[in-house]
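For clarity, chains are labelled A, B, C and D in written order, and residue numbers in each chain start from 1.
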Amino acid sequence: MQHPTNPIPVGVLGATGTVGQRFITLLSTHPWFTIHALGASPRSAGKAYKDAVNWKQVTPIPASVRDIVVKPCVAQEFVECKVVFSGLDADVAGDIEEAFRAADLAVFSNAKNFRRDPNVPLIVPLVNPSHLSIIPQQQSLLSLKKGFIVTNANCSTTGYVIPLYALEKAFGPIEAALVTTMQAISGAGYPGVSSLDILDNVIPYIGGEEEKMEWETLKILGGVAEDDQGAKSFDMHAKQPLRVSASCNRVPVIDGHTECVSIRFARRPPPSPQQVREALAAFTPDAQSLGCPSAPRHAITVHEEPDRPQPRLDRYYQDGAGVSVGRVRQCQVLDIKFVVLANNVSIGAATSSIINAEFAVLKGVVQA
Amino acid sequence: MQHPTNPIPVGVLGATGTVGQRFITLLSTHPWFTIHALGASPRSAGKAYKDAVNWKQVTPIPASVRDIVVKPCVAQEFVECKVVFSGLDADVAGDIEEAFRAADLAVFSNAKNFRRDPNVPLIVPLVNPSHLSIIPQQQSLLSLKKGFIVTNANCSTTGYVIPLYALEKAFGPIEAALVTTMQAISGAGYPGVSSLDILDNVIPYIGGEEEKMEWETLKILGGVAEDDQGAKSFDMHAKQPLRVSASCNRVPVIDGHTECVSIRFARRPPPSPQQVREALAAFTPDAQSLGCPSAPRHAITVHEEPDRPQPRLDRYYQDGAGVSVGRVRQCQVLDIKFVVLANNVSIGAATSSIINAEFAVLKGVVQA
Amino acid sequence: MQHPTNPIPVGVLGATGTVGQRFITLLSTHPWFTIHALGASPRSAGKAYKDAVNWKQVTPIPASVRDIVVKPCVAQEFVECKVVFSGLDADVAGDIEEAFRAADLAVFSNAKNFRRDPNVPLIVPLVNPSHLSIIPQQQSLLSLKKGFIVTNANCSTTGYVIPLYALEKAFGPIEAALVTTMQAISGAGYPGVSSLDILDNVIPYIGGEEEKMEWETLKILGGVAEDDQGAKSFDMHAKQPLRVSASCNRVPVIDGHTECVSIRFARRPPPSPQQVREALAAFTPDAQSLGCPSAPRHAITVHEEPDRPQPRLDRYYQDGAGVSVGRVRQCQVLDIKFVVLANNVSIGAATSSIINAEFAVLKGVVQA
Amino acid sequence: MQHPTNPIPVGVLGATGTVGQRFITLLSTHPWFTIHALGASPRSAGKAYKDAVNWKQVTPIPASVRDIVVKPCVAQEFVECKVVFSGLDADVAGDIEEAFRAADLAVFSNAKNFRRDPNVPLIVPLVNPSHLSIIPQQQSLLSLKKGFIVTNANCSTTGYVIPLYALEKAFGPIEAALVTTMQAISGAGYPGVSSLDILDNVIPYIGGEEEKMEWETLKILGGVAEDDQGAKSFDMHAKQPLRVSASCNRVPVIDGHTECVSIRFARRPPPSPQQVREALAAFTPDAQSLGCPSAPRHAITVHEEPDRPQPRLDRYYQDGAGVSVGRVRQCQVLDIKFVVLANNVSIGAATSSIINAEFAVLKGVVQA
């Protein structure tokens, strides 16, 4: 397993959107990947990136990207890209990503379209990059050599499955998880949430979000099963039934999803709050051990202060690549409760796709 | 049970504070009560109210109150008040309220100091005004004729115990309740929360709040027991054990606490979401049937829209005297989950005290 | 000049939009006007109002309006309306309002389309309702008997021309006005400003707004001139040249435009701050003397506190029908400076149209 | 003029406060200065810094500082510091800074106490570091060898005097400047502005701020005069009278003061907007030419986009060490108007003190 020595050309689809801008910001200083092609809607195609984009990041457009001419999202324009990152909106992502895969391109997608596909892994890079093991089957079914689709999870799912996974590794199966989210407006893209809807307000509903969290958790925390014929499938945490109940809220926060989580372990007696804190702090994901350059040094930062994590103070730590957990304490109804904070535009979106791609490069799944 | 015919003189302690301003706003147009005396700290005493107060309400200072000279919080200044409302801060409320009671005055307090007293009722007026039945014992112990203390609950407790009570009435005991709050800044008083702490932020911690919610719920939803000697005590929901787990968060909302609640009933099978909706909508508290003038016409407004209630849109309905419930649906971990919104400065504070006093007048507990 | 005795049937165009909702809220309790017809886009036409609208007001949809079937914005559907209020967006208002006028209907419009028309008055009802005198000429040119268009001003213009007019009445011409606005998000309609653009931010630009303020001020504060042939025209303050410089900013405030104004009078020496305060407080507009029911009792509330007016505390006073002025003091560069607050959705929009119509009824311009 | 080769030990007074935290963040990675001593109130003295401080920065406490034991603010504890930065509150800064100077220490203060002292320079480092020339006179009057006080300006003054100075350099004297500010909450320190006062609000008043802006501008933009006896004094822009009118507002923005500025030049005809843009973009302050390491590479960033600068997007550019100017256009009342954005906690506070100290080191005023 060797780190690549030559720059790996990559493409970004949906390059002018919110997630696309974040991909570009991160990739512009990436040690392995170099931006080779940018794709966007026909309205933007043909323009210099700086003229096509309504740039909303707090750092300026990277100089190396300003004058790249944006291409339409057609596969032949991206054939030289070893990796294609997709920040496309769900309404167009399905067709385009499928076409890119069919053209034997490796697609790492932030869109939801293929997350439920039984041959597409849904990977939170600090949790289940091992699910890349389904890729050969995906390729075989479609007679592809190099092309595939890997998805990452919904931003609200990503945050809390990381500590859940760390705790399952340490203490065995979790039986029930009840999570209430307070999600940032950036999770809805741009223009996204109207200011008239969210200033001085909470919206106790995000369309489809609770279903996504409840379902994605099972696929991510479950294993990959193999039947007698060698056919692989995701077991959806079926061997160790896990019930998940999510309540999703939008709050007037720019970046950073805060989530209050209560869990019940299968193990009796359950671990103590102190044991939970220690297990979380000790958690080292494979992406980190393996040396993915965008993996955080501390996957989970455990706060001892009573009033942390807070999105405004903690969301940019490690450039948002890890998660923060605080207030680990007993739950009077389940076993343990705590607060998680995850930067939805970093580990909750573009950063996850990028670490997934790094992991795939190191594992030889991407043929760099 | 007759409605009073003559104006009932009342006093307000802590008149310049946030809760005091709200008491004054509500009392200035009250059909029974007339403001007779205002008490505040020595710094304010002796000044005209308009000069003592830093008025922060969206309606002007009531004309009838502007020139009332503020008094110190000593009982002899309030002897003519049939009812004394206390909006005092907890650091001074204990001594002052005790002194007022000792002077045979009827105190309705928003402060936390006496909530745990075994002879002081903790009353959410749309839930347990029947707990006034402990008052004779409180008076007897202290050899008082008219004086007593009645407390109302913490603003975050008030919101969600109203639907809990309605559901217990309809479907029998609740076994477990897990509640995550998103609380308005006005709940912390003035100056309260620093803007640097809450703009673009969530603070996942409010000191002492979770303990209050977990404990108060048991006292409010429990009954009043009587032993063989006729001694009364609060049973703390002991006959039907109820476990409560609260996670309290501060969010950048001015008024209105939003709470995500999951509950488990003792009854198997539990009621359906539709049955729950109907029971909530049908709930009529005694304070309403009895004709308390400040009781809301609809104690619980059940929303059918998927994204309601929202604090900014729903908090001022019925001047904040009722609560709103929405998103009643199944919970994958417990039985049923829903969202409650309560106006923390109305039903969560001054309005509760006032309805409690109205109820006490109608029941003859206050000797008007 | 008599107040009408029978209800006057009125229509509302753009009934589902932000301004339309505000028209409906105000008209539902109006002493003279009764809602007869609601018009909206083809997408809404044919639906009950409650199903067509995404209601965003803090009071519920008026019961009398909930089930009215929305009509398309075609004049024949509104022939029984004595007054038609238009809350249409500018992109459709031009054609529709013109067609309604051609059908001999009296249109009071909040849209910008006809504001610059030399035969259409641009009326801030607390300033220049006398400009209704142009209506006969407008009708004559188009051979109409009853139909006409009256516009009201941009929300940011309305706020500050009221004190400007009061000061010109008291002290003679103003030579220069320099105004910097801090405008609420509701001024941009719904969905309007993206929350990602305005949370924790100021946007120092509102497209076209500065030009509107600089131009509208001249038309509103100018007179109606008449040439030898009796032809009337607006003199654009030409006899007393007034230079206006506006800088417009969007701030994270829901309702209420705050404006910092500096002015230079022609008169030397200029009035003192105290004289200015007195003149503002004494100002009584014709709409008030004449008895327009929606006119505020205090056209201009002058604040003495050093830190007022503030949008959150002062915008709902008199239901937003007046304006607040504070901090009247000397300006080191021009003569006098002060702060104005106007509720952009009330006096800055629907309330202005309604008072204009009331005035027109009282003056017999509307044939009720 | 040589860059220092050995680390220069510095102290920070008011180390636990908002400005102190910012000093520490910046100094912890400074190429010349090394934190030697931290001073705070008696309540904090004796504690490890990490235990004394309520850290509110978005980056963690620098590791090198966490365990430094905080000292009381007495000069003998700081004798080894070549430079002492003061982030003290005004209520204590006067006495402490005077005592430190009397102990022959070089104090660079962010407090207002000595700004009006006729022998203390008030320096915006990108404007008038030449005012350090008054230091020998300050020392001589007090018989000091190394000790002195240098102040930097109020955060709202700093932002707009930089472009004013650049324009005076290019086009000669400015006669009048009218500035309306929209200031961030961090300018008021911590806890500072109550969230109840500023959420969904504008406060059109900041105590003393307008006077500070109007006065400080004259001292900063004026020269240092010398009489026949060689006595030096600040000429307060007296030779070229400049009238300044400021209107100061607080808005719900965390960091970054936005200011709308209109100016009138003495020169007739005045420069065009394009000439102004070019002069601003070309401006190179002495602190930059001289090589102060904390000086920004671009002192003034001129934006061409119509809607910039915006605090949320532009305040962290160059770590807030420069200012942004946009919307340069004609003013109908004065000559030219534009928008300035300055990061009030960087160039508006700690960064200014640090560049002032760097400049003083390079000029030999600090004896490093």
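Here is the rule we go by: contacts are C-beta pairs under 8 Å (C-beta built on N, C-alpha and C of every residue); 3 or more make two chains touch, one makes a residue touch a chain.
Source: prediction; values computed, not measured.
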Chain located farthest away, centre of subunit D as origin (C-alpha): B
Pair of chains joined by more contacts [C-beta pairs], A-C or B-C: A-C
Rounded Å distance, subunit A centre to subunit C centre (Cα mean): 49
Inter-centroid spacing, subunit D versus subunit C (mean Cα positions, whole Å): 43
Chain centre separation in whole Å, for subunit C relative to subunit B (CA means): 42
Per-residue overlap in subunit D, given as positions that touch at least 2 other chains: 56, 199-200, 252, 254, 312-313
Subunit A - residues contacting subunit D, complex: 56-60, 199-200, 254, 312-313, 316-317
Interface residues, subunit D side, partner subunit C - complex: 176-178, 180, 182, 199-205, 207, 214, 243-245, 247, 249, 251-254, 258, 260, 262, 264, 306-313, 326-327, 331-334, 337, 339
Residues of subunit A touching subunit C in the complex: 56, 185-186, 190-200, 252, 254
